[in-house]
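Two complexes are shown next, each including subunit A; its partner changes from subunit B in the first to subunit C in the second.
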Partner chain A sequence: MMGTLTTLAYGTFRETVRDRLFYLVGIFGFIMLASTAVLSPLTIGAQSKIMVDVGLAAMAAFGLLVVVLVGSNMIRKEMDKGTIVTILARPVGRRQYLIGKFLGLNLTLACMLALMGGLFSLVLLVAPGTFSPAYLGAIYMALLEMVVINAVVVLFSTCVSAPLAAVATLGVFLIGHLSQSIRDFGDMQGTPLQQKIFAGLYYLVPNLEVFNIRGAVVHGDPIALAQFGIATVYCLGYAALLVILAGAVFRGKGLR
Partner chain B sequence: MTTHWDMGRVGRSVAAFCCLLIVVGSLLSYEGLRRSENGQEHLYFPSGRFLREATVGFREAAADYLWFRFIQYYGAFEKGDNDLRYFDLLVDAVVRLDPKFVEAYHFASLVAWSNLGSFPHSIDLLKQGILHNPDVAKLPFQIGFTYYVFYKDYPRASFWFETAAKCSDSTDREKRFAAFARHRAGDERVSLELWKNLLESTDNPQMIELSTKMIAEISAKLQARPLVGPQAPEVSP
Partner chain C sequence: MQQVVNIPPRTAPDPRTETPKALGGSEVQHTPAGVPALEVVDLTRDFRSGFRRKRQRGIEGISFSVPPGIVFALLGHNGAGKTTTINCILDLVHSGGGRVRIFGREHTEPSARAAVGYLPERPYFFEHLSGRELLRFSAGLLHMDRARQAKEIPEILATVGLEEAADQRLRKYSKGMLQRIGLGQALLGDPDLLILDEPMSGLDPVGRRQVRELLQGLRDRGKTIIFSSHIVPDIEMLADEVAILNRGRLVAHHPLADLNRSTLYEVQAVIPSNREPQVLEGYTLTRHGGAVHIQADGVEELNGLLTLGAERRWKILGVGTRRSGLEELFMQTRDQGEAKS
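Coming up: the complex of A and B.
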């Protein structure tokens, strides 16, 4: 089983490389250099803060772009072309196929973030006094966030069309960052039933703010090691839940 | 020798040139229109509260973008293109998105007193910054400086300089100003202790020289006076 998963994951990774997805890393490098050379002199004393903000935000934004654009199309494309039937005709289960695809895109994301993180660190090391090892923690958290979003897009791509899956995933990303507001809104409701409904909704949608430590690391605030542990467990648990759910949906799907 | 003209290509080139003229002309007209509005500002800007929710996950980067907008806006004011009427709105948006943006509070406080002529507003902005950044010396120091230089309120100035001196990123500067302000406020016993404290903590030869001189000067003054000297009144920040 592991061999099949590895093959599927590696195949997905190669497909993204063939799609020239890594060109985005080049664009990221350009943004980093531009923020250093062009924007820094205009920032009035906040050079290092802005460089780090731009770098970390660009990494997260590119990661989201890759997950939404590639992830929403990944399974649907093979379904439309009919190549999925060829793969599933071999001793590959539907669930295995989904997990393989999911792991492949995660591998792509990990490689992209590693490359962008390397470039980012290099630029900061050139500008003395701006690099902090905590930034690597923020990059790791961004990867965890993208793994959760990847699981969301895999679930949506098994049940709706690619554009709809992309829009729905973006919607979950937005809600995920506003989930605390859902809880606060629930607390403001009058009846206990309404409060329970909103509390349930809060636990149902992913809380993506768990992974957002960008602001804290930029300002040098301490991050407890436990937060990394909790975030990792939360990410793995949530992603696994969604992939299992996607597998259940995908099993009942008729393929042409 | 005859020149063969490709009429289709010439036509396309002329059309492209005309389009370019239209684009440049439109932009020039737009600039003219903006100039003719003469001081009438048009700046649509949502509130900081809305922006905080709308910039999901990218709040700090959004704050940086608004910071650039603020600097451009201030630059336009310096050129006489606006009257800073949206100053508060922009600053509020920046610091709501990133409450730890120390530079924003600091620069905005400078603009508040130097361009808007409002020292209380400047101090309010700095106090707002201190609430979110209690361990940054720059902000209480700026308040102390405002009281010291503009209000000549030395007891209050010394309170804020001492607050700045207690911050983890404080330098000799904050301690020196605290000791000077206490001296100016007439509280020479506390000033003497602050100079002694500076002497013990500094490695800077100039600071060592200055604090040694001040300790000798104040000690001599205190010896010539009765034991209970005038004390600076207690102040509220």
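Coming up: the complex of A and C.
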């Protein structure tokens, strides 16, 4: 079981690393981080805040871009091209296959965020000299968020075409960050039916604000350790649920 | 419903309980004694197509059994249901009904496929990998340890003639090279059962011959091989048994030896006129230049004719197939299918 998952995950990781798109996004991310170093002198008195804010936001944005672009194609491309059949003709279960692909993309994301985070930390240490370990916490939270989004894209890519999976995943991302606001809006303004719909949406879509500590980190607000624990459990639970659901959908799928 | 022409298959040559020494490996794989390598019972598969998702029958009521150690061919024209049958066997598409067992185990269990090597029709692999990396990836899925990989992968690359291109990315491989690396990944782990979908398609004459010789070698080592093809001579050269599919139904299942009995052969010989008397009465003769072409109906008559030629010192120029028994049967089943539709 573990051998199969490791093989599939490493295979996916290697594919994304050799994917030119991944390199482009990575390079672009690094350029963005570098540009913050150039722009920050223009913002007198708030240099470090601007750099941290833009840097963390850029990492989250490029992480999302990789998940959506690579994740939506990851399984669908194999189904369309037929590479999947030589894998599933082996003693590999369909759920194993999905988990392997999911883990592989997570590995890619972790490596990418680690690289970008390393560069980000280096820039902060060298330029204004205001590095804080809380920044690493924000990067960790960004990774957890990407893991959930990865699970969402895996689920969608087993059901619909790659472009549709990408659009639907972006929709979940947006709603996921606005879910509390949507619910509050429904409670305040809506009819009872609307309230129920908004409440349903709130529970159905992952609450991605759980992972958002960027504002607090930028302003130097304290962050309780428990928040990391809750976010980790929430991420793992939600992602596991979605991957199990994706496995159930994928089990009934004809591959040729 | 078409009538299935079904001659009871002959006993499999050497049904075995264990395979010979693994290709490049030291492990001996055990297969249960007396259990068919593959058992397909009443396999059915429907498709939905078009805007209204109309149901169409892909294959219907396919049943056959493949004893261990034989070469079994699925013959049919394009669209007859060969690939669908293979995809159902490997659970790549879900059958609408029926049962499939691989060495006695349900085909839906992933572990049942541990003993299977598969080459898809039009093989397509990860283009970002090299041939060697693809084999390593496949070996990982088989839980093969590094020592065995290090021994087996170079041997397989040599077997399929891709040693020099082993470190080239697959995107640079030609169609024939992809077919060969596909065959290589199917051979990995020394599987007891090989399922090959059109293994000779896309290969030049040299490649076809190499694959044929490779499969013959595997057959001699006691491997069970199931392959699909629409090319009759390939099947005649390789298979022990053949099942003919037409419009999604199995319409005939024969041992090749039985079909060869009804093959029409032709012996080309130079016969001195004083040695060409009444002995050839009853044979169909034609003359081309200085040679006489004599037709023999079936293997036994051919053997008789060759013995006669040796006794009377004919100069035999060649022996050919005038009309193959399998080809005749194939055409016959196709015509029957068209007449009934």
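What we mean here is this: the second predicted complex is superposed on the first by the 229 of 256 C-alpha atoms of A that agree within 3 Å, B and C clash if a C-alpha of one lies under 4 Å from a C-alpha of the other, contacts with A are read in each partner's own complex, and residues count from 1 in each chain.
FYI, contacts are C-beta pairs under 8 Å (C-beta built on N, C-alpha and C of every residue); 3 or more make two chains touch, one makes a residue touch a chain.
This one's a predicted model, so the numbers in the text were calculated from it and none came from an experiment.
Judged by the touch definition given at the top, the superposed model places A:208 against subunit B, while subunit C stays out of reach. Looking at the shared chain after the overlay, A:222 reaches neither subunit B nor subunit C. After overlaying the two complexes on the shared chain, residue contacts for A:177 are found with subunit B alone; subunit C is out of touch.
In the superposition on chain A, contact of A:81 is made with subunit C only, not with subunit B. In the superposition on chain A, no contact is made by A:192 with either subunit B or subunit C.
Touch criterion met: A:6 reaches subunit C, while subunit B stays clear of it.
Interface of subunit B with subunit A (complex): residues 53, 56-61, 63-64, 67-68, 71, 98, 100-101, 103-104, 106-107. Residue ranges on subunit C touching subunit A, taken from their complex, read 83-84, 87, 90-94, 110-114, 116, 118, 120, 122-126, 128-129, 137-138, 140-143, 182, 185, 195. Residues of subunit A that touch subunit B in their complex: 39, 42-46, 49-50, 53-54, 56-57, 60-61, 173-174, 177-178, 181, 208-209, 212, 214-215, 218-219, 221. Contact residues of subunit A toward subunit C in the complex are 3-4, 6-8, 10-11, 14-15, 18-19, 81-83, 85-93, 96, 252, 254-256.
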